[in-house]
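My structure is below; once you've seen it, I'll send some questions.
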């Protein structure tokens, strides 16, 4: 188990390196001079040169790349070109926001999707099942930004029951923290519930049809235990995979949703970083996102390993 | 071992099946129609739209829907409907571009990776993993700044990243096909790789790729509209659905209506793509099983149900049992009884209904199969048509069931010990007693090293051990009746012999009975006291094993025995012509008549009743010529 | 490795297929699993050789290695004096015509998306440069040969029963006029009543066309029915080889004996006797890696069995690998000549 | 109406050095929420974060971060009402001659780090600003200034041009004084302000770029002017988000928008109109016709002006009070003349005729720089221009708008600005190195500009009038109208009108 984790983690390193490298050189393609942006139009060429030097931009891209890599190894992600703030600090303030959002949404999607999936699997072919399936297809099609705008309108502007925007830190007020995340989490969670529901439904249905469930049924073991102990456990692998896959998609969704709800998370940092040509910030955010994706995939693998001993062998 | 996997129920390939599924589902047809509508309005928007999408009217701002402006006007007084009609163009083209690139890259890469394996597979799989680790949306956001308003470039990159998913899908489909025997056969036929790929592999990949393409279109439409929403998509003036939603969001406090038309059109379009994808997926092999049909309420033959069990030694009495699939009956009036201490063999070829009969007794039929008539009395209690709650009290304690595939019958997630203990606990044992009893049970079923086996999970033990464990599991509730459905078919003969010995021991106490379902007459000869021969849903002959096998009174039994190869002789075997009729092709008269050398016109006239041909022991046969077949050696 | 005694299988030019010391291993390094372990066997022209063993004995792997569907690790496979050991099926060219196969699963072995005619004409058009017209005629001939109606050609596999599909698979194998057909459990998936039909068909075709079979099966009675000689495999190794009647009637190797004893017969009285006489072979939880592979289950096991791999010894018309038959004693059992070809 | 108005204004501030406060920069104003335990708190919604706390380096003009800097720094002068400059650090000042300004400083003020705020500290600031490296945009603002320490509480500024506007400039962003100690290590100011102002930055409540929390200094000399114990500045990414925030009570003060004013009023907010000193429209940067040849012809530029229905556009997006004008100044600015403002009536036929006369009867293609938030105006204008055959290609550049604007590669752009004070604005407009705009070196206008800068009083006013009129006649712009800036406040807060389109911290106090 531990060795699988290590192996997978080691395998992720070159992957991350490629992403990091791509992010760096992609940014190199952006036109324009960051110094000019930071200094404004009234700056002289000499001043811009000076700032370029401070940013390390006078060196060749390869040189710059190698030194950012060296810094990365020592845990230094550099400083923002625009605010001179440490990117590490920037990310560490933004990360909790996006993490709260992503984790809550993952929990919601997994719980709701699986619960409904089990329900439908137990009633395969019934009206409820068919309605749920149609609904699952429909919610999957709702873009998170559209539902986010709608939610703001309904709950924050029309009925004023929840805050429209903003983020309260967990350690400041857990209640307000939760309140500030309810609408964004709904906006992010709605669409992924669909695929998770469908996956859970078919996986649980398949497990319920399996011989081993018939075996426990033949022993007179109650339905609830058939479903929860044997059905769900065996259906876990595809469900966890679906949840993981959708969590990755959900991370991307944070860009628009954070924008709409004005949450100071990674997505907001990314957008402002990209628009401001703030290479270190963008690179940092991209790296964090990539690490997030890798961690999600790793977690999925490990969880499946725990839940399904057969997979562990491989 | 000999479980038959039906690869296809219809005589066409998967791609054609997917196409047919698309054409026959009204919902999917609607989806296709909607997409056609969207595409056509996009293409002919210039001709169809009532207004120029860019022409503003500053005196008609944010107007609600009216006769002139069916969907109202926006913040510059432009016609919302006209903008909607023009707004799908970029989106659909962009999505199509990304999808085309993803498929164009993923198809060959997936074929290569899946069919060749080895290093190519390793490299391609690594690249695929890479695309999954790239936060695609982040990359697109960055690209929007490098190539502002250049949808084509963004979609190309999205396509390249999406190629990962396409590659994986094609690879996995290809791998599945590659392992198919018909590919081996084609290779042995010396067909060149090109032919194999194009004629055998590619067609099976087509349907998954169509599914993927539809899904990809849905995702790309959402991604592209998200970019427009964030102001990164295209020209701000050009109508696009995402841009329109952005505009709506900017006016949300003033006019929330504007959010509706672009949202609805966008969502409907994505739904349409998803619906098509789902329909294709459902039509693929391994897709969801067909929806079960609502059953009629079970009407049991009251006369049968009320018949008292004559013999107090009778443990199980099945009378006139009819089991129906949605398509019709598969077990048709089966009657037999089992007494304590007895082993009854239920023998027949595939399609005879023997397994369905076995499952029907403890009420374990799959969701779409149901007892529609007849009686199943166990120890005086009627089991047919009763509630799941009452059945579950009988199961395990009264009737236990042992399945054909021992591996599949044990939950792969739990250890053997865990499963046994859980069952014992269910039957009321204390934790401590359960732990102790587990070892004893395993020893009882002939496992010499119970402690070790207890710690194993099903995949860690051999088939023979697994079947012993399954039998131990069935014994946890100390049942009076065991039903074993082809319990040795999946096992090697040397193991089979040991398991059969075990069964004999289990029943040896005289208090238990066993119904053994098998297609192997040798197995029946080995352990069964009595045998019921089934053919096409009916019992055609029943009696004590040695008399039935020694002097069959039904032509089917006789022919079957004759057609068995023997260890002692070689050479041509007497054959039964034709094959077992499917349930929907059961004839009115004798169901074996078409294959029977002795058939006469009388055989085909109407249902043949069971005829009592008892000699020294009770004996029935379902043959009008049962008496003519009087004692003749079976072989 | 025990060398093949020359006298056991004398080198003749008449062998159609020669398998020498074949070994097939899967996996790498510590996870290596040897499916076929030093197997030597030959098939003569027109001969039917049965390859019998339980699951995991490597019998199908041998067939796949011969067909070029699985790579061999060592050893040699020759077909009509051509070394085909490391030539995969795709690169065998004209040779594929001589060496054909019928698989076990009548559902998986036919492409469900192609009509019978398409499946049957494919190899004809590829290799034999037939015109479409000739191919169509040939398909009709083949269908007739395997006892299927002419209108079968334009239907899809799903329209046929298991037995009929197996006939189609046989027709495909016959299409190129092969000399040797590998029959990989061709009747195990079939019902008893259909099994006899297919066995008879195979016997007829062999008689009519002079085919040789390498017939892989787990049912001794089936193999006995069709084959001249039988090779008994256990865990990848050959336990016993001999004339079919000899092996099933008077098995020498304890494993063969157990196999014969365990196969139930339909005669209740006879089966009762067999049951009383049979010795239960246990299922070991661990597998020995040295010595005789059957040592763990053998009722006659002695110390030497666990340590040393028995040599192949000719006993009468059979060859057996068992320490009960030490090589020195071999001759005493020998009787008569040893031309194993029928 | 422009979600990113502040950025645009920031740009103009950088360009003109004068447009400071009127630009409405930080798009909102403080208001009060009733504090608990005697400490009142207020949250202000803004659309832009500050980049750093060095007031001399704030890249695109002081107004860009006026609310941030004024929280932590004292200014030499302060605004006390519309165009009314009152004391700050300086208690009084005199102008012994038109190019000299002498200020008397309040004694006893100290920076948060303990350093006394005296004349030397003021001089240190202006010396730093002149040579700051990297230099801030304020360099142009003060490059003509020489600072002299007369004594500890007296400082003298001498300039090469009249200093009339200096006290006003100081009050609107150019007069914040930083501790000399911090100036020795300017990079410390990136996230740690060091001033003598009413508040200090509370790092624990601050997330860079998102939210800034300030707590009051107990020892501040002018506590009465700052009634709130805690100030939170929240940054919102769009006007819509900002409006939602003020409507849902998350902030008490926010920049308003024309579309939302009515709804805000209905929701119980106070909507306060700001003076009409900001104008918006299209800037024709390439009037030399270098990239887009037709623009070199004055008839073409005039045609563009005739093509636009200013009244309609002004009514649509610029608030009920928005006034259509073709002038580059608003009614509340010097140089505004109503008849001149109406000199280009909506006359598409005439526009077409002018185009035809200039030789472009079929129109031409006009690239236009915009931002996502400026699109409404850009699209509205584009709609009218399309009607006379001119195809506008709008390109959005959001965060890098300024960079694009000053790059010289855009023939036209959507822009909002204010000419206040007017003199420097006009001078900037005609200066050859004025970012986006590359004016023809028209001798007449150059002369007028020199006159504007070099004179005071009536002579200056006349020169400004003439300059504005000439620019209008030359059609350097397709101005549309004045921006009816508003801010919305909760009813717990009121804001003293300072003549700015924004509420400064000092102008906010709890409503009675």
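A few remarks follow.
By written order: A, B, C and D. Residues from 1 in each chain.
Going forward, a residue touches a chain if its C-beta (ideal position, glycine included) is under 8 Å from a C-beta of that chain, and two chains touch if they have at least 3 such contacts.
The chain lineup, named per UniProt: A = ABC transporter permease; C = ABC transporter ATP-binding protein; D = ABC transporter substrate-binding protein.
The shown structure was predicted, so the numbers you read here are calculated from the model rather than taken from an experiment.
Contact tally for A-D versus B-D: the pair with more C-beta pairs in contact is A-D.
Put simply, the C-alpha centre of chain A (ABC transporter permease) and that of chain D have 39 angstrom between them.
Averaged Cα coordinates give chain C a centre that lies 92 Å from the centre of chain D. The geometric centre of chain B is 69 Å away from that of chain D, both derived from CA atoms. Inter-chain centre distance (chain A (ABC transporter permease) to chain B, centres taken as mean C-alpha positions): 33 Å.
Residues of chain B found to touch two or more other chains are 145, 249, 252-253. Of all residues in chain C, none touches two or more other chains. For chain D, residues touching at least two other chains, in rising order: 238, 244, 247, 398, 400.
Applying the touch criterion to all chain pairs gives A-B, A-D, B-C, B-D. Interface of chain C with chain B (complex): residues 54-55, 64, 67-69, 88-90, 92-97, 99-101, 103-105, 107-114, 119, 122-123, 126-127, 155-159, 161-164, 169, 172, 175-176, 188-189, 191-197, 199-200, 203, 218-222, 224-226, 244-245, 248-249, 258-269, 271, 275, 278, 280-283, 285, 297. Contacts from chain B toward chain C in the complex involve residues 1-2, 4-16, 180-182, 184-193, 195, 199-200, 203-204, 349-350, 448-449, 452-453, 462-465, 492-498, 500-501, 519-526, 545-546, 549-550, 559-561, 563-577, 579-580, 595, 634-635. Residue ranges of chain B in contact with chain D, taken from their complex: 54-56, 58-59, 61, 75-76, 145, 148-149, 231, 235-237, 246, 249-254.
Of all residues in chain B, only 129-130, 132-139, 141-146, 218, 222, 225-226, 229-230, 245, 248-249, 252-253, 256, 259, 263, 266-271, 274-275, 278, 288-289, 291-294, 362, 364, 366-368, 388, 391-397, 399-401, 403, 405, 408-413, 422-423, 426, 457, 459, 470, 473-474, 476-477 touch chain A (ABC transporter permease) in the complex they form.
Interface residues of chain D, counted against chain A (ABC transporter permease) in their complex, comprise 14-15, 51-52, 59-60, 133-137, 139-140, 187, 190-191, 207-211, 234-238, 241, 244-245, 247-250, 398-400, 402-403, 405-407, 435.
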